[in-house]
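Provided herewith is a single structure, encoded as structure tokens, for subsequent inquiry.
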Amino acid sequence: MDLSTLIGLVLGICMTLYGIISSGASVNSYIDPPSIIITIGGSLSSLLTSMKLPDLINSFKNGIKQAVQEPKNSDPKKVITQIIDMANVARKEGLLTLEETANSLDDEFMKKGLLLIVDGTDADLVRSILENDMNSMYSRHQVIIGMFDFWAAQGPAWGMIGTLIGLINMLKDLQDASTIGPNMAVALITTFYGSLIANWICQPIENKLKVNTDNEISIKTLVVEGLLSIQAGENPRVIEEKLKTFLPPADRASVAVGDEKGGEA
Amino acid sequence: MDLSTLIGLVLGICMTLYGIISSGASVNSYIDPPSIIITIGGSLSSLLTSMKLPDLINSFKNGIKQAVQEPKNSDPKKVITQIIDMANVARKEGLLTLEETANSLDDEFMKKGLLLIVDGTDADLVRSILENDMNSMYSRHQVIIGMFDFWAAQGPAWGMIGTLIGLINMLKDLQDASTIGPNMAVALITTFYGSLIANWICQPIENKLKVNTDNEISIKTLVVEGLLSIQAGENPRVIEEKLKTFLPPADRASVAVGDEKGGEA
Amino acid sequence: MDLSTLIGLVLGICMTLYGIISSGASVNSYIDPPSIIITIGGSLSSLLTSMKLPDLINSFKNGIKQAVQEPKNSDPKKVITQIIDMANVARKEGLLTLEETANSLDDEFMKKGLLLIVDGTDADLVRSILENDMNSMYSRHQVIIGMFDFWAAQGPAWGMIGTLIGLINMLKDLQDASTIGPNMAVALITTFYGSLIANWICQPIENKLKVNTDNEISIKTLVVEGLLSIQAGENPRVIEEKLKTFLPPADRASVAVGDEKGGEA
Amino acid sequence: MDLSTLIGLVLGICMTLYGIISSGASVNSYIDPPSIIITIGGSLSSLLTSMKLPDLINSFKNGIKQAVQEPKNSDPKKVITQIIDMANVARKEGLLTLEETANSLDDEFMKKGLLLIVDGTDADLVRSILENDMNSMYSRHQVIIGMFDFWAAQGPAWGMIGTLIGLINMLKDLQDASTIGPNMAVALITTFYGSLIANWICQPIENKLKVNTDNEISIKTLVVEGLLSIQAGENPRVIEEKLKTFLPPADRASVAVGDEKGGEA
Amino acid sequence: MDLSTLIGLVLGICMTLYGIISSGASVNSYIDPPSIIITIGGSLSSLLTSMKLPDLINSFKNGIKQAVQEPKNSDPKKVITQIIDMANVARKEGLLTLEETANSLDDEFMKKGLLLIVDGTDADLVRSILENDMNSMYSRHQVIIGMFDFWAAQGPAWGMIGTLIGLINMLKDLQDASTIGPNMAVALITTFYGSLIANWICQPIENKLKVNTDNEISIKTLVVEGLLSIQAGENPRVIEEKLKTFLPPADRASVAVGDEKGGEA
């Protein structure tokens, strides 16, 4: 479980509440059900217009899940160690002995790649299958990211529509000056909700999903390069040199593999 | 028929009406024919300046159609099953037997590709013809998407022009303070209409068309890869492995083909 | 003559006038020569800073011309028919007989390409010369499009500068409350003009030029592909198949060529 | 000297002054030293944070210089004539005779390319050296363009910061209603300055630099293509055909070269 | 230590203070702890939602460090001189003698590249390892740059949320007209803080990091080209010619290497 997203969301609402309370207002004045309905309902309507319902539900569910879940296999150092270990095994005992390793792997992507190699699939085909897999994962994530991006734009837009409705209503009848303030306050509440939808929820989650996706792509690229090097029978030390370029320089020394363990860690 | 777009549009207008009624206003105050004429008429004028009339009508018609119509052949799982079945047939009975299959296909794109293969067209030429077809479909859709994008920008822009006209008129003569409010309300109505054009109609439809186009491109890419693999005489199991990368991992097991049907579904 | 742009521009100004008149104002109150000078003059000054005078005049002239002129050779169906006819001639009577055809062509691009082929120029060189020609046309058009894009940004910017000047002047001296309204009305007129420059003129024309350029590129790509296929001595039926991918599916059947005329149209 | 930029800048300030005077205000009311300091000083501080001082000074100096200086060798027609002349010389008297020509050239880029060719450098190496030179020129210009782009964003941003400071100060004490107007006028002056920085100076110069850079890249591409064709010993007529594609069709006939001079000009 | 960023940040705050003092206000009125908490706290909450805490802290720390630290090896002239010296050594005494040079190098990137060459690694592999290293450095920097970019957007967004909270509260109760001004002043302070976060801190630092990254990429590209040329045994003069293209023309003559020292500097 990756708690930072949850903590961030909770902190964001706390800041908002603090802002309300510290300005001496009551939280109640900021809760207006019709405004909630028009801002959230309106922006969800636009989302529904823009996507099929199952895709919408899916994107929402998967988006939240990916934002709060610790991604599997997200530590490049472990992945590199794993691959170099395999390279050593392959070198000493042959590629075929990796079949067992493959079947014990959690990571479906690495498993599939390894099995393809063990099966003696042509290197170009292995690369194309694995890269296709990556691209198709990327496109799927883009749909989810696009959903939050669209919502982040529609929230404030419907907030403004709500405010315009309120303003027009208020301006129609300015006779009683004492109602101007409260009416305008209510009109602004939808803008306030719209800003929260965008800045408290959608944009941060969208950003998180982007960062996670970039990470996942980077790890998978590393796996592809590593597996193809194993298949090509490259020297494990060369493979290590190659794969370490995926790490920040400071982390390179701490990849503890085989004969280098003692000296570097 | 893909209902979500229609439902989304209906819900969007309901939210707007709810917003109006819940703020205690009458819907009538939000209907102002001159404002409708200037916001819609003005933005349509700009659209007409920016495109030929037949292109404009076409984009509008096709855009709406594509947004609410269930696209043909949009389920990648079925397409994959179809292609693997063909691969099996081709393997056992030769490519030529696929001519009949081709003629029975609904999907023009797959049909054309299959016929090219059956005719023994060179693989590079097949790919180039099919990819050209995809690119040209993509460009056609971009014109439609561009039309909604342009309208989504022009709607609020002409809304603002209408509001400026109203404001300037109102400010010219501030003598009678009691008319300020109502005049300003009327001035704001074009901004309100502009926001609705953009956020209730154009942007959601634009987004839907983008998602649909991406989907269609993805399916067609899948078809191209599949057909070329059949032509190359690749092993149906390898083809399956390749094509399944176009699916989300969760859906891969459920592709029921030939000898694997029992074990995986 | 492509009338839609002219009609769009006229309709746009009509909508604006209608908006003014329907709000009960006199058109005169919206005409303020100093405001015209600062908005148009200011934005043209910025354009002059950003481009050489001859380039500016050229871009303006060519932009308007391209926006309202029916482009030559803009119907892909006719171009395809033409190319397939040539392919048939080349097949039956040899490439050299196309020299005459070339000299009778209106379209300079196709003529040059055909002459290169008749001269026996190397296929790669033909492609590179024709593609260079396309790219250089594209860059030239981008300069014109960029000019309208820049003006579309500068118009509202100088409108805002004018409004700021008016507001500052008005605020300096608020003694006589009765002048506030009219002064502010005048201040807003530059913003109104800026919006019109951008949304009534520049953006629609910019969009038109983009669509036209995309079309021209698409037609020229078609010509390049067609000519190179003729040079390579490909079968006219294959060429037809290839070139038809540039058309929307609905239009493909209506390309009437030689022996297929009867059955398909 | 390319005067249009200077004239544009002068005209821009004239339009602003005209706007001020025509609204009946005194120019003095628009000059407020503290506002100048906060808008210009603040945005320059941000620039300094974003770049090293020498880079900042350099970008500023070179940007202004490139914007107002007539670029050397900016007429593609002359460059084409020059290259075709060289091609003719090389054809008749051999590549080596071009050494003298090279040494007499003003244009360092063409000179370097020609010397490489005369030295018998490998064509790929020549291309890679010259393209590297172009890319590195492009990156250098992007830094300068980026500086003006950043300033164009920071100017209005610090203008708004200044206005917020003024507004907050004014709102703190609304007792004396007669000071509201003048205080707000002063607050708005920084916004006015920010708009001028962006729209009168930075964006037009940025645009000019972009157009100039595109031009320079285009001319250099032409030179590279031309020189490599000379090295490859291509027929001067073919070279001419190739290079003329860099010109707009209307200008092509006017390239007066050797034996064609009579007929075409 | 690269002082310009620090000086820029200090100057920026000075400009702000000068703006406050010169408008006759007291600095105290611009310090409002609850506003600080909601603007900074809210935007940091969004950052936390969008990134894991360790990544956030890391990006912050590294971002500041990279912005104020003089980058190692940032002078392309020195790097070119170094590489040409190595090329001369390699020519005269063989590649192996460079092992010692490699071990004495500060720059890890050049060292690694040189050792790979000395080890006789295949040129393609050397290039791919070094380019991977560059790409992965680039991705790491993009994460940091993305963090400042996101903060630059969230700062003003939470500033606006704070202002909306204040406005709504103020409008709820307009009875006592004398509090309107001060309440609105307080409401605007969060917008003021948000602008400062974006324009005084985040955007300039983001820009600095981008410029630095581009520079680093450019130097590393130079190193890669240089090392591969050494490995290929190219003539040091040709290498010099090649690498000098990375310099602005004005700096090229001042690269003082071996036998050319006298004549050129």
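Letters A, B, C, D and E mark the chains in the order given here, with residues in each chain numbered from 1 onward.
Rule of thumb we're sticking to: a contact is a pair of C-beta atoms (placed from the backbone, for glycine too) under 8 Å apart; a residue touches a chain by one contact, two chains touch by 3 or more.
Going by UniProt, the chains are A, B, C, D, E = Motility protein A.
All of these numbers come straight from a predicted model, not from anything done at the bench.
Least step count on the touch graph, chain A to chain D: 2. Summary of the copy comparison: rotating chain A onto chain C for the best CA superposition needs 145 degrees, to the nearest 5.
Because chain B and chain C carry the same sequence, their contact can be compared by residue number, and under half of the numbers here are used by both. Rounded to whole angstrom units, the spacing between the C-alpha centres of chain B and chain D is 40. Centroid to centroid, with C-alpha atoms defining each point, chain D and chain E lie 25 Å apart. Contact with two or more other chains is made by no residue of chain E.
With chains as nodes and touching pairs as edges, the resulting graph is a single ring in which every chain has exactly two contacts. Contact residues on chain C toward chain D in their complex (touch as defined above): 34, 37-38, 41-42, 44-53, 55-56, 108, 116, 121, 125, 128-130, 132-133, 136, 139-140, 143, 146, 150, 153-154, 157-158, 160-162, 164-175, 186-187, 190.
Chain C meets chain B in the complex at residues 2, 4-5, 7-9, 11-12, 14-16, 18-20, 22-25, 29-30, 67, 178, 180-182, 184-185, 188-189, 191-192, 195-196, 198-200, 203-208, 211, 214, 218, 238, 241-242, 245-249.
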